[in-house]
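First chain written, first letter: the chains are A, B, C and D, and each begins at residue 1.
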Amino acid sequence: MEEIEPINVRKDMKVSELVEEMGGAGFGAEKISLASEIMALMFKDKECKVFFGVAGAMVPAGMKNVIIDILDEVDVFVTTGANLTHDLIESLGEKHYKGDENMDDSELNKKRFDRIYNVLMSNNVYEKLEDFFEKHFNELKESESIKEFLFKIGEILSKQGGKGILVKCYEKKIPLFCPGIADSGIGLMMWGRIVGGKGKTKVNVFEDMNDIIDIAWTSKKNGVIYIGGGLPKNFIQQSMQFSKGADYGIQITTDRAESGGSSGAPLREGISWGKMKSKGKFVDVSCDATIALPLIYASIL
Amino acid sequence: MEEIEPINVRKDMKVSELVEEMGGAGFGAEKISLASEIMALMFKDKECKVFFGVAGAMVPAGMKNVIIDILDEVDVFVTTGANLTHDLIESLGEKHYKGDENMDDSELNKKRFDRIYNVLMSNNVYEKLEDFFEKHFNELKESESIKEFLFKIGEILSKQGGKGILVKCYEKKIPLFCPGIADSGIGLMMWGRIVGGKGKTKVNVFEDMNDIIDIAWTSKKNGVIYIGGGLPKNFIQQSMQFSKGADYGIQITTDRAESGGSSGAPLREGISWGKMKSKGKFVDVSCDATIALPLIYASIL
Amino acid sequence: MEEIEPINVRKDMKVSELVEEMGGAGFGAEKISLASEIMALMFKDKECKVFFGVAGAMVPAGMKNVIIDILDEVDVFVTTGANLTHDLIESLGEKHYKGDENMDDSELNKKRFDRIYNVLMSNNVYEKLEDFFEKHFNELKESESIKEFLFKIGEILSKQGGKGILVKCYEKKIPLFCPGIADSGIGLMMWGRIVGGKGKTKVNVFEDMNDIIDIAWTSKKNGVIYIGGGLPKNFIQQSMQFSKGADYGIQITTDRAESGGSSGAPLREGISWGKMKSKGKFVDVSCDATIALPLIYASIL
Amino acid sequence: MEEIEPINVRKDMKVSELVEEMGGAGFGAEKISLASEIMALMFKDKECKVFFGVAGAMVPAGMKNVIIDILDEVDVFVTTGANLTHDLIESLGEKHYKGDENMDDSELNKKRFDRIYNVLMSNNVYEKLEDFFEKHFNELKESESIKEFLFKIGEILSKQGGKGILVKCYEKKIPLFCPGIADSGIGLMMWGRIVGGKGKTKVNVFEDMNDIIDIAWTSKKNGVIYIGGGLPKNFIQQSMQFSKGADYGIQITTDRAESGGSSGAPLREGISWGKMKSKGKFVDVSCDATIALPLIYASIL
């Protein structure tokens, strides 16, 4: 049996050293270290396709650059419409602001700030969004899949010198999926043009499924990284059913298993479904992703 | 100030009496009672349109009939593809089974059972699903919106004498939205036919948005009930931005506010966005929905 | 395999009927039903000694009467000093009040109200507490164990016609343990007299251990009910190590297993320690106790 | 308003740099950074007495050395009997081992290993504990307060060349409180000797209260650090009522506010009680302490 080795910290310690120390501990610390090991293995394994699913308002919380960096190692990216909307907003030059979870929401409403826990966004962003979609609707509406639609947004931003997740996925041709795109500010912008009489879109609901399943099906090995569960996790999980099960897995969420939802379900549950290999290397990290993800990722650089 | 009145329980007590007693208490008990009051008000208010969003694997967990009953009071229903897939499975005569969260998932995989926390589903269901979609694909693929597509499934099931959520929504013409339908067993079945060469569908990603926003926009008052957060909550929340804000709100989830996601965000946060009226009657119930929802709903009958 | 039977609710349904319906479901609903069955078995089993541990601010939250009722079935009661202090406060005629978790704490401080989530207590209670201990210190200080000390408080209150948990335990001679009594308002009141020069007490830290361990050791069977974890759970758990392991167990808490503390540890973990029998009947209910406990207890009356 | 600055990570980054980057973010990451700032301020403030409360099984989880290091900055230490028992066990040369939360507890019981989430302890430790208390009972039983009793254990260990928390507190004369000592392996060992006829102890329940309250009362400023809540938090909180309220506060726990217990109550709630200054600098970190505490502490070295 392996002994618990108490964590030692010291001045000027590197993140990688702290995470290594955590590897000697138990509880969540050990899981951070395991996640670090599995992430390194997954990224180094040439036969492995990496599926990265990100729910939660990660962009407003300041996780954009960490996500962009990780995308260099990723073969499939799935996220929420919210994250992409906030990414677009920042690509258009707007910002998110620091707030406090105890702020008076009626006051914020009067001042036209939207609150996301301890982060704020000004309603002014909507003007830039409106302009963007007003100008580019005709190009966008011809897309036949959500992926194509999102790549088109990325392309437009890229040409304008923008940076961000949409731009990165477009430029690096990282397959980007967002099945819930209608449920987002981007969806609202498209709706606004459609009801405004600018025409219908061709974006088809089931069009992207073949792409993601095909990658899962044809790769030798698969690795999954789930931030926050939600639709991104589930969409990747369902494609894993068409693989031999993921070989590597990292899940970071504070959702609980007990309420039975997919977001809080431990990765082990996926073995029954064939989504995870029973001999796969995987770990559930029960932690705020804004803490755990930078810590884990910085430790493997 | 109002005094805390300790809860008194007694033999043969009715659910409505227990919930009334909870109204004298603090912590979560008081919130159950508040939710009961708000649900009763919301359902009685003739001017109020009720938006009901259900995430989580509520159908496998045995919540189908409670949801079906509540649908009688509901003007808009939004749920996950998973719930609708499990509803379809049960409408086709298949069942879910009791399991245990500590079961050996490798064993379950060999026996071809999929685990959802302490609930199991046999892989045999997929044969019936395959048959259903094989037979009805041609009818289904013509749908132009997800709502139309789901109503079509409900119609087919209804004609076969089926019961369930899809049938109920179809028969009662309750607007039913599921923006993430591609992320579900139903999505997989459609994909299977499409890649099998049976043709493309016409289901458009943005087509339903007008319907839900139109209801929110034109109604005098709106009430929202969120089970488990996720995409159903968010999709209703975004339509509320086009109303004057919801007048009534009930949220039941065990997700936390601290991790910043929409699912765990208290309803109060919606005031800043204009999704909830600052003078609205609303309550966040931090509880497993399989406990809280039957308790609250039974108390107002 | 047992099929999931969806929960059916109806008008004028009894609590016992709702909990029975929950027995057909999965997730937390099934656990409520299991807890109801186990509680009924535990209370009916003449060979079984029932150990009831209550942490959390259950008395301020209005759970006093439910606890008092359950005490009729209980052989050992362990709770926090906080619960006993709040019980004493109510026995002295003071009240707790309804508040809101979003209240301004600085304002409350100015108005001299102490907040416990959504419950308030006036600082005026301290005057009555001071009077009580000033008057009875001499009787109390002679106690040699915490149990004797608490029984003495119960006796004084009983003679004054008081009601409550302390009175009930005294009158029914239910062994009452509170190892953390110094960590409470009662502790502060004793300290106030001691530093005021009224003499020292004889209350010995280790004196009660023999009593609780003796009951666990000599009984044929043991049942445990844990509300909220904390010191009450742990104190009972450690006495179970001297039994053959508990035969019955119910745990109600929202604390998580992942952070490794005793409060959130599932009962199953106790099997490794010999605190729970591997063939024992036990269930972990992940729920706010102010919701779950009245629901479960009302269902078995 | 302050803009959110996305976190940037890089190779060979120091922990202090990562935490600084987190300061630009929102959600939990920002709270880690705030905790780091507050901890640095608290430790540098010469007028401030630091109260450190540690619940949860932190020693088995490998947090012993982090706690020992932090003790250099601490004026009052409060912990559970469990942490001190596990510290004593390690001081006597025994170890904790790595396990897994999904292990078979019946098997572990047969192999005589006790499980604490993903950490194991061999039952062999009890022999060394028995020997220790058999040998030193006579010295220990004369202690009149729990602090004196614990210092005596620290002294014995120190003379034997032992290391650990008990030794550190004894050697550095850091006031060490543990009101729930009877609820622990150390308590059991004392009980074993008492029932074995080796005599009674003099350890008095209320004896330590004066010491801790006196420090809170007489210091110019107070700072509090709570790991995991429980009795250690509450015991410090009650002493803060006799100060002008804490000037600095850091709380690390995954317990929730909603269930109303002291462990999950945000520090803000303490303002109503006078335990926290309304203008104090404080932060609630919702995170596994084995992750957050090493991260925060390493960042200020």
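The definition used in the following text is that a residue touches a chain if its C-beta (ideal position, glycine included) is under 8 Å from a C-beta of that chain, and two chains touch if they have at least 3 such contacts.
No experiment lies behind these values; they were computed from the predicted model shown.
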Label of the chain whose CA centroid is most distant from the centroid of subunit A: C
Matching chain pair for A-C (criterion: over half of the contact pairs shared, by residue number), options B-D, C-D or B-C: B-D
Averaged-CA centre spacing for the pair subunit B and subunit A, given as whole angstrom: 24
Subunit A and subunit D, separation of their C-alpha mean positions in angstrom: 36
Contacts with two or more other chains, residues of subunit A listed in rising order: 26-28, 60-61, 102, 116-119, 254, 256, 258-260, 268, 286, 288, 290
Footprint of subunit D on subunit C - complex, ascending: 55-57, 60-61, 82, 101, 103, 105-106, 108-109, 113-119, 146, 179-185, 187-188, 190-191, 194-195, 200-206, 208-210, 213, 228, 230-231, 234-235, 238, 241, 253-263, 265, 268-274, 278, 288-290
Subunit A-touching residues of subunit D, taken from the complex the two chains share: 1-16, 18, 21-22, 24-30, 32, 60-66, 69, 95-99, 102, 116-120, 254, 268, 286-288, 290-292, 294-295, 297-298, 301
Interface residues, subunit B side, partner subunit D - complex: 26-28, 102, 256, 258-260, 286
